[in-house]
Amino acid sequence: MSNRPFDLLSLGELLLRLSPAGVERLVRGDSFQKQVGGAELNVAVGAALLGLHTGVVTQLPSHDMGNFVKNKVRSYGISDDFFVYDHSSDARLGLYYYEYGAHPRKPKVIYDRKNSSFYGISVDSFPEDMYRAATCFHTTGITLALCENTRKTAIDMIRRFKSTGTIISFDVNFRGNLWTGEEARECIEQILPYVDIFFCSEDTARLTFQKTGTAREMMKSFTEDYPISIVASTQRVVHSPKSHTFGSVIYDAARDEYYEEEPYRNIDVVDRIGSGDAYIAGALYGLLSSGGDCMKAVRYGNAASALKNTIPGDLPTSDLEEMNMIIREHNQKGPQSEMSR
Amino acid sequence: MSNRPFDLLSLGELLLRLSPAGVERLVRGDSFQKQVGGAELNVAVGAALLGLHTGVVTQLPSHDMGNFVKNKVRSYGISDDFFVYDHSSDARLGLYYYEYGAHPRKPKVIYDRKNSSFYGISVDSFPEDMYRAATCFHTTGITLALCENTRKTAIDMIRRFKSTGTIISFDVNFRGNLWTGEEARECIEQILPYVDIFFCSEDTARLTFQKTGTAREMMKSFTEDYPISIVASTQRVVHSPKSHTFGSVIYDAARDEYYEEEPYRNIDVVDRIGSGDAYIAGALYGLLSSGGDCMKAVRYGNAASALKNTIPGDLPTSDLEEMNMIIREHNQKGPQSEMSR
Amino acid sequence: MSNRPFDLLSLGELLLRLSPAGVERLVRGDSFQKQVGGAELNVAVGAALLGLHTGVVTQLPSHDMGNFVKNKVRSYGISDDFFVYDHSSDARLGLYYYEYGAHPRKPKVIYDRKNSSFYGISVDSFPEDMYRAATCFHTTGITLALCENTRKTAIDMIRRFKSTGTIISFDVNFRGNLWTGEEARECIEQILPYVDIFFCSEDTARLTFQKTGTAREMMKSFTEDYPISIVASTQRVVHSPKSHTFGSVIYDAARDEYYEEEPYRNIDVVDRIGSGDAYIAGALYGLLSSGGDCMKAVRYGNAASALKNTIPGDLPTSDLEEMNMIIREHNQKGPQSEMSR
Amino acid sequence: MSNRPFDLLSLGELLLRLSPAGVERLVRGDSFQKQVGGAELNVAVGAALLGLHTGVVTQLPSHDMGNFVKNKVRSYGISDDFFVYDHSSDARLGLYYYEYGAHPRKPKVIYDRKNSSFYGISVDSFPEDMYRAATCFHTTGITLALCENTRKTAIDMIRRFKSTGTIISFDVNFRGNLWTGEEARECIEQILPYVDIFFCSEDTARLTFQKTGTAREMMKSFTEDYPISIVASTQRVVHSPKSHTFGSVIYDAARDEYYEEEPYRNIDVVDRIGSGDAYIAGALYGLLSSGGDCMKAVRYGNAASALKNTIPGDLPTSDLEEMNMIIREHNQKGPQSEMSR
Amino acid sequence: MSNRPFDLLSLGELLLRLSPAGVERLVRGDSFQKQVGGAELNVAVGAALLGLHTGVVTQLPSHDMGNFVKNKVRSYGISDDFFVYDHSSDARLGLYYYEYGAHPRKPKVIYDRKNSSFYGISVDSFPEDMYRAATCFHTTGITLALCENTRKTAIDMIRRFKSTGTIISFDVNFRGNLWTGEEARECIEQILPYVDIFFCSEDTARLTFQKTGTAREMMKSFTEDYPISIVASTQRVVHSPKSHTFGSVIYDAARDEYYEEEPYRNIDVVDRIGSGDAYIAGALYGLLSSGGDCMKAVRYGNAASALKNTIPGDLPTSDLEEMNMIIREHNQKGPQSEMSR
Amino acid sequence: MSNRPFDLLSLGELLLRLSPAGVERLVRGDSFQKQVGGAELNVAVGAALLGLHTGVVTQLPSHDMGNFVKNKVRSYGISDDFFVYDHSSDARLGLYYYEYGAHPRKPKVIYDRKNSSFYGISVDSFPEDMYRAATCFHTTGITLALCENTRKTAIDMIRRFKSTGTIISFDVNFRGNLWTGEEARECIEQILPYVDIFFCSEDTARLTFQKTGTAREMMKSFTEDYPISIVASTQRVVHSPKSHTFGSVIYDAARDEYYEEEPYRNIDVVDRIGSGDAYIAGALYGLLSSGGDCMKAVRYGNAASALKNTIPGDLPTSDLEEMNMIIREHNQKGPQSEMSR
């Protein structure tokens, strides 16, 4: 990796997540689990657990709930150097309510993030040398979609990071409750000229970007339209809220090659939130720690996502040692030990 | 629906349920979950969640535990207009202990309801206009079986409700620990002349009522012997304590037709208690909200039961919006979203 | 009481309260207690527990968290007839974070209620006959202070209720974080001509309304300036976050008399939030159930507040039986039993 | 001590206790603490912790809840040799609901023990050699008061134990919710001729036995009327549900002497239930382990009761080592360590 | 069974087990479940639940944590007659951390047992008559592997028990983290001449004892090399951390016969720790209660292990009644009730 | 402060703390709170919360429990740059069991830290530039007392830090369970020549260092015997486990002056563990942030300790804002708000 202080900086909102424990429901019960999440944070945490030096660029309320988030994030070894605090009396922490599912009942999310302190984030709050501080900068379509101001800030930051030679990673992460497909496409097409590593699901390629053809053809076509080096696409099969299969394909434009491995099957899904972000964390770790080895990206991305599904909360917890053990077992044919003892 | 103030009144005992959390056992552990249930209450709650105006006819101890039950019931929007309180020093809340199962260990129930305040319920405690207050009156074989007095009261109430043109709904709900099949049959045969909607499982038809033939033949035969309009029979397949399949058939005597749909498969069973009652709630909602559409009864009954299985406790929590979403997904063929977001 | 369907309707915001259990802190810990509160709700609940028929006029988000609040409120027997639902995608439930104190550390509150669904409440959403539905209408300075729209709505409703002969009860409940003393005074002076029962602390009379003289003189002066019948003022001495003394004075303008009793001392404070609202509930119960007996108002107000302090959460739980027992013990001189057995 | 296998056998009902945690109330909340208690059990447990070999004579339901009680009791090293099981389908475990208090709200108890399996206990279920198995036999007025059958059984057992030279210990433990003072007096006077060690509070002596004079005079008069050797009377001052003072006097008829020490002051009361029973456990330990040293009985009785008050649940947990440390500190004048480290 | 006071005594370390609840991880979270386990204890508990009179031979710290273990063990009716206490200031309770798995993440164990009080156990602490107190003595390879001293003590005890005609039961229970296969083999070969009942898995036979041939051939060969009467070998198939299949084969050397039944399939695994020990408990119960009926041993062993897998913690909870019901269902072909009611 | 990267580095063991929740006891109960502590860590955390840049020098096991500690420590913003990991198979995390007290029962501590990974800490594992990295280095008598190796390492580090001009802070923290007073004195006298800031209680001065005279005389005499600049001594009065008074005196040798303020009275003690360390954190913050202002040290020391007593666990949580508010209130005479709102 380069000699910049950070391997990865991500820009995004940090959210409080409130979930009833286990099988309890939002409309009942007397307690909430108090957790922290956010697509871009999830990526930074996952990559930090694998050994990258990462940080998050964000704005938080300056009160106790902002400090709660800061403390939780720091516990994962993520830098808070680029946390800016909102001291206004309206400062608020965006939050969401989450309820687990059980077939045929689906998991449920209710957002309450509007006008959070992050909505007021400003490029002016961050030092100029931040743009030279990282090997790679990552953000997602969520940050673009939240509001006019976060969109402007994100695009501005992408341009500034790009201008210093920072690798730009972008995850479409389309959310129909934040914007329409058309709004998303128009906006994202503005930034695709800056993107080096592009995460986009098959459905989004087809429905939002109106691509046609096979999944592989669509992936490749992005690299033909834009100077994108790498396109990654995940494939999740949801058997029930508690059982998924997960795999991915990565396309390397320079080599014109696709990378793939056997998907993880029969994943015991405890909490699927953040498993897509964990994939990105694993994939970026694979790429950044190897100078662009897409097969490594596939292996760490898939394993990271499979593992995250087994962990409650948005944030992954698996370090490099655990990840390597899972990858080893996944690729091993013979009998396996049933316990780490 | 008619212009009576209630769509549905049910008569039955309200019980305290004490269960160890999750996988803990009755013989161990330091805490109990404190919940409320009862077959007829479960029906009233389920129907209220879907939009019917319902109430329960019951007697409770006048002390704090009776108030606990009252508060819990009211939180579901059920009327407590016909709650009568037992002020005697022996007033007690019937209760049961429940332990979840895990294959090959089965769920376990221990009842401690004898001589509860409900056992002393008296027709004299209720106002005469109660019998004109509801479109439909529902009770079950449990109320008949508890003791001489509840049996007398229930039969008396059935007659009085019937005499004002109230639709009578009855669920056999045979419990071998309360009475013998023969006692049940003799007693229930007294009230079948008053019943309009009859819920009876295939096993009970065969073993208790000594019917023969196919399930459909047995269902029909009840309508031949008695002036019953509708017979509903549920079909549960227990793969393990954590995985069931659930479906049902409804027979409409006037049309001489059977109604059925694809059963719900691979239900992630969290708590099967009350799922039969949830079926009845859904079916009665279907019938009462449509003037007797049996297909609607099948759809809402099946969905209500499938959903209840995914909810801890006796009481359902799914409102009409959630139910409609589940029914839509159940009947949809294409790909489905994995989350309500 | 009059033959209107409700004894008391209150107008106000219903809030989600999130508190760490026991002595845990907001900046740490993995769970929140999930409770419901709101000054005007607290009054309606307290009065309902004592036997008044009460309801709340409010607007809630139509999603699960709104339903959670609705269910909780209904469990106390409060009517939700005048709950209006916000179906917009921005619908949100106002909330606050609460941390218990331990001397010398004080309890702490962080509000996150801005732009909640209640902020958008509109007179147009409520039926005209609501204004004839209650013997008494209650609201507080908080509703006036939240935003321009709630202020307008509240003043409008006060006028409409007044015009039908409804008794108007108003609690200043001054909160420096919502508006300045001057703003409060100007606004409240607009509505004092409509107020019959006025709750105002000594500090607020002095600092906000710039009254001078003794507490009793200030109380009386309000009735000289405005057609107010009754002024009540509470007196709390905070020995530590866990030990308070509580008493009150009520002034009856018609009789030109002050009512008072020995304060409750050495209250074991578990949760002081809502104890002022409990006082109002008790006082209104005393007044409304007796046709204006101020001594009864003092007795029930003080007892209700003392008891509320011993209960976690904003909402009281003491019914008339418990309240009467506490009042009896408070006025009794001899030895007392140490337990209700 | 004698060479009988047990130092102490007590006869009494074992109850399930259900309490909301901490400050929660019976009428609310979603969980109960699941504990075990019973006056005579509490005595046996307290004495066993100090080193006596003790057992309980009782009857329990043969189902899981009976086993839960059995397991809990065994964990304290109490013998279950004289546990008899009720295999009837009506077998039930007596229970009570308990709510903690906070001034001015008092602790609250609701019993639901009627017709428990213990009510059917029969002398015929126990082996003849049980009556020669213990140095001391203890029971209380509660067992006498429960029902006709337990009264008969208790009196019969007292006579049989007495006839083999067993020391008879009896605690009046008057409960106004079980019988009247007159009923109690009449019944207890039948057994006083058999009693060696008699526990009776000043209030009970005065109100129930209609004694007059000072506390000490009343204590002595029992030994004049009956062949009682030792009378013990406890003195509790309840400052608030959370702060008590506890002391006692013991009268030794043979020596015609009174024994007393400085009471324990400022006890941080966590749970006062069972603290009277703990006193008896300590006092019996003092007497039985010393051949009748009443001063030892006072010291261990007082310390045991003071300690029990600091422990949640009915059952004490303090072993001889802890008790001795507390007694040492209580009698020590100089500075004390603040922690056991 | 013989007229010795105990049916079974086992020698082994009692451990504190610390596990995060449910799906939480060791590296996170604010609480631990506090449980007790240990291979030889698990066997004694399982056998006691089925009706054998059992005890454990062990050494514990004399402080509160030793007492915690003692109390927990006693609650299962296990004798603590042969518990010796370590009063040294270094006395410590061995412990282990346990984390549940979810596919593809495996359960994880971290031991911290070195230099626990058990490591210093000495034959001199136990009375000579202990060696004549039991029909059967059981220990495992873990006790041999912990340290030089426990190995010496275990071998010495085996010899002494054998010399009085006690049946010697031994479970290899090979743990690669305690010793190498070669160390294990050398050590165990010293004690095999004393062993009557030998528990050894197929893998261990092949890898540690370097046996060859089929599983059955290897089992038999042990009885040819040593005077072993019975060899039992379990067969577990791990489909995922939450789903196992379990069966076993027992070889009776005297009859030269193998015993086996249909394995338990689709076991809902809650906690697999101790399920191997539960097998031994069931098998020893089968053998000791029948004078050596190997088919009974297979049936009770398999059922005990299947049931233990559904129970959290190391210790089984199933008594003879539950076990018999499971065995009956396992062997029954027709439809089964889904609940014990 | 100097331009060294850290304001404060402390050397010490990081411990897992296991406590039953609330009033539960070590010998009972099913769960533990899982917390992190250690005298020197507590100091680093307290100082970091106030704004100093701090780190801990320690050695931890490389497994999950070491990572748990690392994560928890990082959440407070403490640097883990000088955490060394023990990869041996015997690596263990030292731990202690803690039970809260309630008068007359005292809090209780049981240590199980012997041979933890910290015991093997070696100077060789740390880089040479560590000794130039901090303005101040702090350690305590506990580190000296644990074992020969930690003593050697600590003394060696003190010398090395001193040689680069680092301010040396030392807290005697005498623990009679780790060494005798004489051992402590002999060892500590070796390091006093290097110490700049010395924390020593009056009792320790008298008993361990055999000083005589008033507290102030003893404090001064240390600065006469050694080149110590500042001596601080705390004064705690324990009214009960739940109520303390706390104050301190600081002596500045250069100015020959004593600094003191009114103590904090009626502290609601939630958890007194770590309150002495919090004092040191506050005092060091006062000194280091001001270039040696002893009055600032007294103010922040006292406030930090008073606040820590109200927080569960070893670690403080109060940041500069909260501390300043408490100090302001402590010095304010008039009426105070009862809540931070």
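So that you can tell them apart, the chains are marked A, B, C, D, E and F in the order they are listed, and the count of residues begins at 1 in each.
Methods note: a contact is a pair of C-beta atoms (placed from the backbone, for glycine too) under 8 Å apart; a residue touches a chain by one contact, two chains touch by 3 or more.
In UniProt terms the chains read A, B, C, D, E, F = Sugar kinase.
From a predicted model like this one, the values you see are computed outputs, not experimental measurements.
By that same contact rule, can you tell me which chains touch chain A (Sugar kinase) and chain E (Sugar kinase) alike?
B, C, D, F
Enter the minimum step count from chain B (Sugar kinase) to chain F (Sugar kinase); a value of 1 means the two chains touch.
1
Test of understanding: which option in A-D, B-E or B-F shares over half of the contact pairs of A-E, residue numbers taken as the match?
It is B-E that repeats the A-E interface.
Tell me which chain's centre, taken as the mean of its C-alpha atoms, is farthest from chain D (Sugar kinase).
Most remote chain from chain D (Sugar kinase), centroid-wise, comes out as A.
Suppose chain centres are the mean of their C-alpha atoms. Which chain sits farthest from chain B (Sugar kinase)?
Result for the farthest chain: F.
If I rank D-F and A-C by number of C-beta contact pairs, which comes first?
A-C
With chain centres taken as the means of their Cα atoms, state the distance from chain E (Sugar kinase) to chain F (Sugar kinase) in Å.
45
In angstrom, rounded to a whole number, how far apart do the mean CA points of chain C (Sugar kinase) and chain E (Sugar kinase) lie?
One centre to the other, that is 62 Å.
Could you please state the distance in Å, as a whole number, between where the Cα atoms of chain A (Sugar kinase) are centred and where those of chain F (Sugar kinase) are centred?
40
Check each residue of chain A (Sugar kinase) and list the ones that touch at least two other chains.
Within chain A (Sugar kinase), the residues that touch at least two other chains are 22, 25, 27-30, 67, 71, 108, 177.
Can the chain contact pattern be summarised as a line, a ring, a star, a complete graph, or none of these (other)?
Contact pattern: complete, every chain touching every other.
Within the complex, which stretch of chain A (Sugar kinase) touches chain D (Sugar kinase)?
The touching residues are 29-30.
Could you pull out which chain A (Sugar kinase) residues touch chain F (Sugar kinase) in their complex?
Within the complex, chain A (Sugar kinase) contacts chain F (Sugar kinase) at residues 67, 71-72, 74-77, 80, 319.
Using the touch rule from the top, collect the residues of chain E (Sugar kinase) that touch chain A (Sugar kinase) in their complex.
Within the complex, chain E (Sugar kinase) touches chain A (Sugar kinase) at residues 22-25, 27-28, 101-109, 175-177, 236, 238, 240-242, 272.
Which residues of chain B (Sugar kinase) touch chain A (Sugar kinase) in their complex?
It comes out as residues 22, 264, 266-268, 270-271, 306-307, 310-312, 317-318, 322, 326, 329-330, 337-341.
Taking the touch rule as given, give the residues of chain D (Sugar kinase) at its contact with chain B (Sugar kinase) in the complex, in rising order.
18, 21, 25-35, 63-65, 67-68, 71, 89-90, 92-93, 97, 99, 108, 110, 112, 114-115, 177
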